[in-house]
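One structure follows; several queries about it will come next.
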Amino acid sequence: MMGINLFQILNGLTFAALIFIVASGFTLIFGLLRIVNLAHGALYLVGGLAGYSAAKASGSFVVGALAAMALVAALGAVLDRGLLSFVRGVELRQVLLTLGVAFILNDISLVIWGGDTFSVPVPAALRGAMWIGGVMYPKYRIFVLVLGLLVFTALWLLLNKTRLGALIRAGVDDPEMVEAMGINIRRVFLGTFMLGAALAGLGGVVGGAFLTLYPSADAEILVFSLAVVIIGGRGSLVGAALGALLVGLLNAIGQVMFPELAYFVIFGPMAVLLAFRPLGLFGRAA
Amino acid sequence: MLEIRDLHSFYGEAHVVQGASLTVRDGEVVALLGRNGMGKTSLIRSVMGLSAPQVRQGSVAWKGEVLTGMKSHEIAGRKIALVPQGRRLFPSLTVTEHLTMIKSARARNGWTVDRVMELFPRLAERRQHRGNQLSGGERQMLAVARALMIDPELILMDEPSEGLAPVMVQHLEGIIARLKEAGLAILLVEQNLYSALAVADRVYVIETGKIVHEADASALVDNPQSLIRFLGVH
Amino acid sequence: APIRIGLMAPQTGVVAAGGREIIDGFSLFWESAGNQVGGRKVEIIVEDDASNPDTALQKARRLVEQAKVDMLFGNLLANTGLAVANYVKGNGTPYFIPVIAADDLTQRARIKNVIRAGGYSASQFSRPLADWALKQGYRKVAMISQDYTFGHEQCGGFAQAFTEGGGTVVGQFWHPLNTSDFSPYLGQVAGVKADVVFAMQTGADATRLIQQYASFGLKDQIPLLGSQNATDQSVIRTMGAECEGIVTSAHFAEGADLPATQTFVKTYSDKFSKIPSLYAFSHYVGAMWVAKAINAINGKVEDRDVFLDTVLKTDLPDSPLGKPVRFDDYGNPVYDVVIRKTMKNKDGKFWNVPIGGYPQVSQFWKYDPATYMKQPPYSRDFQGIKKT
Amino acid sequence: MAAGSPAAMFCQLMRKRVPDTILKLDHVGVSFDALKAVDDVTLRVRRGERRAIIGPNGAGKTTLFNAITGVVPPTSGRVEFDGRDITRMPPHRRAACGISRTFQITNLFPSLTVEQNMQLALCGLTPRKFSLLGSGGLTDTERDQADRALALSRLGPRARSLVSELSYGEQRQLEMAMALAPGPRLLLLDEPAAGLSPAERVIVADVIRSLPAEITIVLIEHDMDLVLSLVDWVTCLNNGRFLAEGAPAEIRGNAEIQDVYLGKAHRHA
Amino acid sequence: MVLLALAVLPAVLPSYQVSVVTQVLIFSVLAMSIDILAGFAGRTSLGHGAIFGVSSYVAIYWSSTLGGDIWIGIALGILAATALAGVFAALAIRTSGVYFLLLTLALGMIVWGVCLRWTAVTGGENGLRGVGRPAFIADHASFYYAVLIIVAPLTWLMWRLVHSPFGLTLRGIRDSESRMRSLGYNVPLHLFVAFVLSGFFAGVAGGLYVLFNNFVSPSTVQLSQSVSALLMAITGGVGTLLGSFVGAAAIIVLENAVSAYTARWPSVLGIAFVLIMIFAPEGVVGRARLLLARRRSRSSKPDHSGG
């Protein structure tokens, strides 16, 4: 019995790590640029598929991941510069524009990859299972857990210990003013957007290796990201980490304890939480 | 030297700056006076290259270089700072972050966070407050402090004394004087006539987007009646 | 005037890949027939059901009311099929469903103009598999399945046959469609100490389950049986060795050493550079079957009663299945079921190869249809499990 | 004041019984985390009084207004209006009792016209705000009231303009007109003249002076000329705490106030 | 004029097209119900698909599973939708902006999850089949008239609502909640009332949809339902109310026309979406209004200069 418990907790943690990687990109863009990028899921999917092709072609998981991040960051740049710059500052328009982009990206990936189910090949060293605290557990999932922690640390340092972090936040509050202070705010936004997008691409490759990639995988990961960010509170990295943890564990344990209630297990507590803290655990009023 | 020549600016079809010309010489404090809605802010914004109002005619030159048509971050890069009307702080940044977010390019006047805090001791006590957690006066101080951090040679101040306690207004006058001593040129929009006269070398009066009067401040200090006539006080 | 056929296939949405193959398989047949049947030209109008029942309904309406088709074909997901079936029930348009497997469409809630040409009912093939499992000596089964009608029915067929034959079901785990992470379920499956696991998934869920089953190290511990769709080409063609050795049951095995089968597989592979999936060959067979009937009435499909009766009376001896097939009295085919195993072929691709068979299996297995239909339809709550 | 609303009627009933004090603050405190923005302030305002609150920037004046209007409920102490404890009342019910305010940072409805802003100000206390199918425009009486208030603040010609197109000074004037519209019994003005040109200041002063005597006015203002010409009693806060209180003449002479607030001898008194 | 055109429509159009127009009318109501919140109270909901769908579910469950009267079923459906809107409102009115959007999205997801998993009542994935339309509105033309007769007064009601004093309070709330409170408005109450009313209208649309579609499934309450209805409101022009008709017509016709020619219609829809957001974010009607206003102001330009 003990074994099963640890097993389920590991499941929750590793799943949480993956959705954190994806959701951190989402929260970066959402929290700091105030853009609810509903194309984030599509970037995840496209990144994953591109990573799959690159990994297949090169035989290397790392090459796949890098290729995916680069491609998706470039897509992010196009999205930001080419499209979002037309609707800057109007939240609702941005949301809906990214939704349109999500449709397009999703459809394009269907044309290119044909809608079969793909899984990114995992390097040999990470294949198979290992013993942890008395349970057999896949090595790859442990790797995902470690990667999640690394991403968290790196982002935290970037935002809180660098000037860039402050710049980004100021730009969100009043871009005109930042511009008037001599900073090319557009470039800062672009950089942030590309970073957020690249994280979606990374998530696509990492997640694509065990959750597989298929049409509508974008919507599912997006829903998880939304839940994470809503629970954690806009723009809070720590919130996103906590939210991911909560969603991951609820998902894992909820499915065991209340198999009938699948989605309710995640969104029910979320709704209750929001009734008391409308801005999420770490959300601050603007 | 800042030279504004026959500037025309528009909000859509509304012609708000209608051929204003004025000059600010190096190291000079120039006050721009005028009733509400006469186009003072619009003029300042046009100089700063902000997206509205749109400049359709005339030119702004700084040290002989034409600024019209430049992006506002490029203008700021030429050491022109703005203290906007209504302060426009960043609600999600702390006081300290407001001051450290820009890394000033090799400080000529050497404005550092510490030096600025010395000028505004009140801010030093509020370092961790966010932009929207400050009182009106504190906000104004921070707005000026923030502008100093880009090490400007010209500051455009749009009604900096608005909402300040008398003691703060005097403090601000002192600050403007000290900035002037440090060699900065200042274009100051003011409602408070006396405060303006206390610090300015010259004053301009703007009415419906046109400069209607120009005078030396020293000549007015003892006899402000002529100016008051222009400002429409009875 | 040409015979107009409306083909509904998901070209977008979750099962878009399957939809593509529906179109490929279907048109492959009609091309081979010169787009002609019973002396009339055939015009095919393809509509995207978007993997969504509301859209499917909308499109069916459009095909029938605006494009005025003579018959409808297709759909992949059960819910889309049920929505369309409900619609044609009202207006009598013949509707052929080579993939839609919901038991009741040819049982308790039979609609006369809905015929499963080339298709099967969900519980039809899992019963012989259960029987085969018992013969291998497995006594305790754990089942993990998608939580919707298709899953309930396949599992119900297996569970009923397995328990009636003396086995026990030690655990049934229902997961929602599109479960991305199976680890919570696999943890429980591992916990119940079964001899064998029966997995019922389609599409991406199947890929993930098979893959995660392997990565958790379960593949080497407990043998895995599956539903036909679990190791269909649409699933295994992108997979690695994880899928090797899974045993399933079906009416078709692309690796069967039968001339008719291999000719079809070769033609299809040459044209689309992939081995045909369930969706492709079902629609090929379905089209072939109906075409034969139309030939028999000289293309007079407008007389619906005669047309439908003729279809039901038509036998199909020479299809890619390699074995003759016929309809039972309820519009569902009777097949020789093959037990098959995934193996590598000579090109290094995985495919399903027969390792056993059960002749002439109807949707009622060994039960008397009338008595059988008195028991409730399979659902999460009713799995026909025999109490001991 | 809208006579119809139940809260208003209740307030009217209460008024008969209570003594002359209309606003009573007892040991009111407001803290933001560790910061005590308002600290143990006790205050009495008489009916019909003209009162100024002065103090250096950050003294807690606006926060005190927020505590009175309920925008930020007090963390300690008690607020009484017209004999009624309103410490825990939500802002809209306080408004219904006859408390009205302007905002230091302009707080209007920018996407609506000046007239619609006035309509919202006028309907706040009438049941018409719940009229789901009624006609949207101003009623005749409302139009009269609105026209009068707008004329008073020289905004008449701009009635149909969008607020977002007004200049700052015009917005400040609208801010004031809206606070006056519902016919409040207690009017809290937060720096009404800030940002106004001398000419407009005169208008504001005139408006305030011309208000009916039964309206109690509490005014935050840094323009001492204006303050001293308008009010009969001044309270000075510093660091959230009560510092001094007195008639205008006394205040000017108060050394402490000169020290923390007025600075060196006031120039143009 | 427009009404007249609508009235003679069945005479000139083939029957399938009439049913498409009927669909446009039904979804216009849903889009308008969203516009009440989005365009006037500044609260964009992504949960209205769920409210709409719940109305359909209840109506079909009552008439089909329980064998009750279809009209009572629809009434119950509308009631259920209104009540659900009440629950949503209670949770969501304290938020605004994107948070409101996300919260309603999450609430919609819960409803979807329940419809998907509560198989015993909702039929799970397979959904519920209805009993069909009553005979007197069975054919497309008469059903069209029935819908028209209901939608016309409903539209009038919504139009009055947003232009009433209450509607103005919503716009005030959109601009400044704190000002509204200090003017004596109970902001949450106003938002609650607005949400519930909006839910009622969405419920009516759901009831009509039952008669139209005779089928309901989780995809009826799915997020994409909310999205497409919102898209209709936006295409027409948020805050114009009647724009919803234009928007619904545009989207539904586009979907019908394009999907007949290419399977790439999601791309087409996506591109349309992006273009609208960039070039006509005010929506078709909003844009037209803007152009009209501009022309008018040019011909008789009042002189404001002088302050």
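A, B, C, D and E are the chain letters, set down in written order, and residue numbers restart from 1 in every chain.
Going forward, contacts are C-beta pairs under 8 Å (C-beta built on N, C-alpha and C of every residue); 3 or more make two chains touch, one makes a residue touch a chain.
If you want to know which protein each chain is, UniProt gives these names: A = Amino acid/amide ABC transporter membrane protein 1 (HAAT family); B = Amino acid/amide ABC transporter ATP-binding protein 2 (HAAT family); D = Amino acid/amide ABC transporter ATP-binding protein 1 (HAAT family); E = Branched-chain amino acid transport system permease protein.
Given the structure is predicted, the values throughout are model-derived calculations rather than measurements.
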Number of hops, subunit C to subunit D, where each hop joins two touching chains: 2
Required steps from subunit B to subunit C (each step between touching chains, minimum): 2
Farthest-lying chain, centroid of Cα atoms versus that of subunit A: D
Chain located farthest away, centre of subunit B as origin (C-alpha): C
Chain centre separation (subunit A, subunit E; CA means) in Å: 31
Interchain centroid distance [CA atoms averaged], subunit B/subunit D, Å: 30
For subunit B paired with subunit E, centre-to-centre distance based on mean C-alpha positions, whole Å: 49
Centre-of-Cα separation between subunit E and subunit D, whole angstrom: 42
Junction residues of subunit A, two or more chains touched: 107, 262-263, 286
Touching two or more other chains - residues of subunit B: 14, 35-37
Residues of subunit C touching at least two other chains: 12, 176
Subunit E contact footprint on subunit D (complex, rising order): 69-71, 90-93, 95-96, 100-101, 103, 107-112, 116, 119-121, 123-125, 128-136, 158, 161, 167, 169-170, 178, 182
Of all residues in subunit E, those that touch subunit A in their complex: 38, 44, 90-91, 94-95, 97-99, 101-103, 105-107, 109-110, 112-114, 116-117, 223, 227, 230-231, 234, 238, 264, 266-267, 269-274, 277-278, 281
Residues of subunit A defined as touching subunit C within the complex: 4, 7-8, 11, 14-15, 107, 110, 114-119, 121, 127-129, 136-138, 140-141, 210-212, 214-217, 220-221, 251-253, 255-256, 259, 262-263
Complex contact set, residues of subunit E against subunit D: 157, 160-161, 163-169, 171-172, 174-176, 178-187, 190, 193, 197, 304, 307
Contact footprint of subunit A on subunit B as seen in their complex: 48, 50-51, 71-73, 75-77, 81-82, 84, 88, 90-93, 97-98, 100-103, 131, 146-147, 150
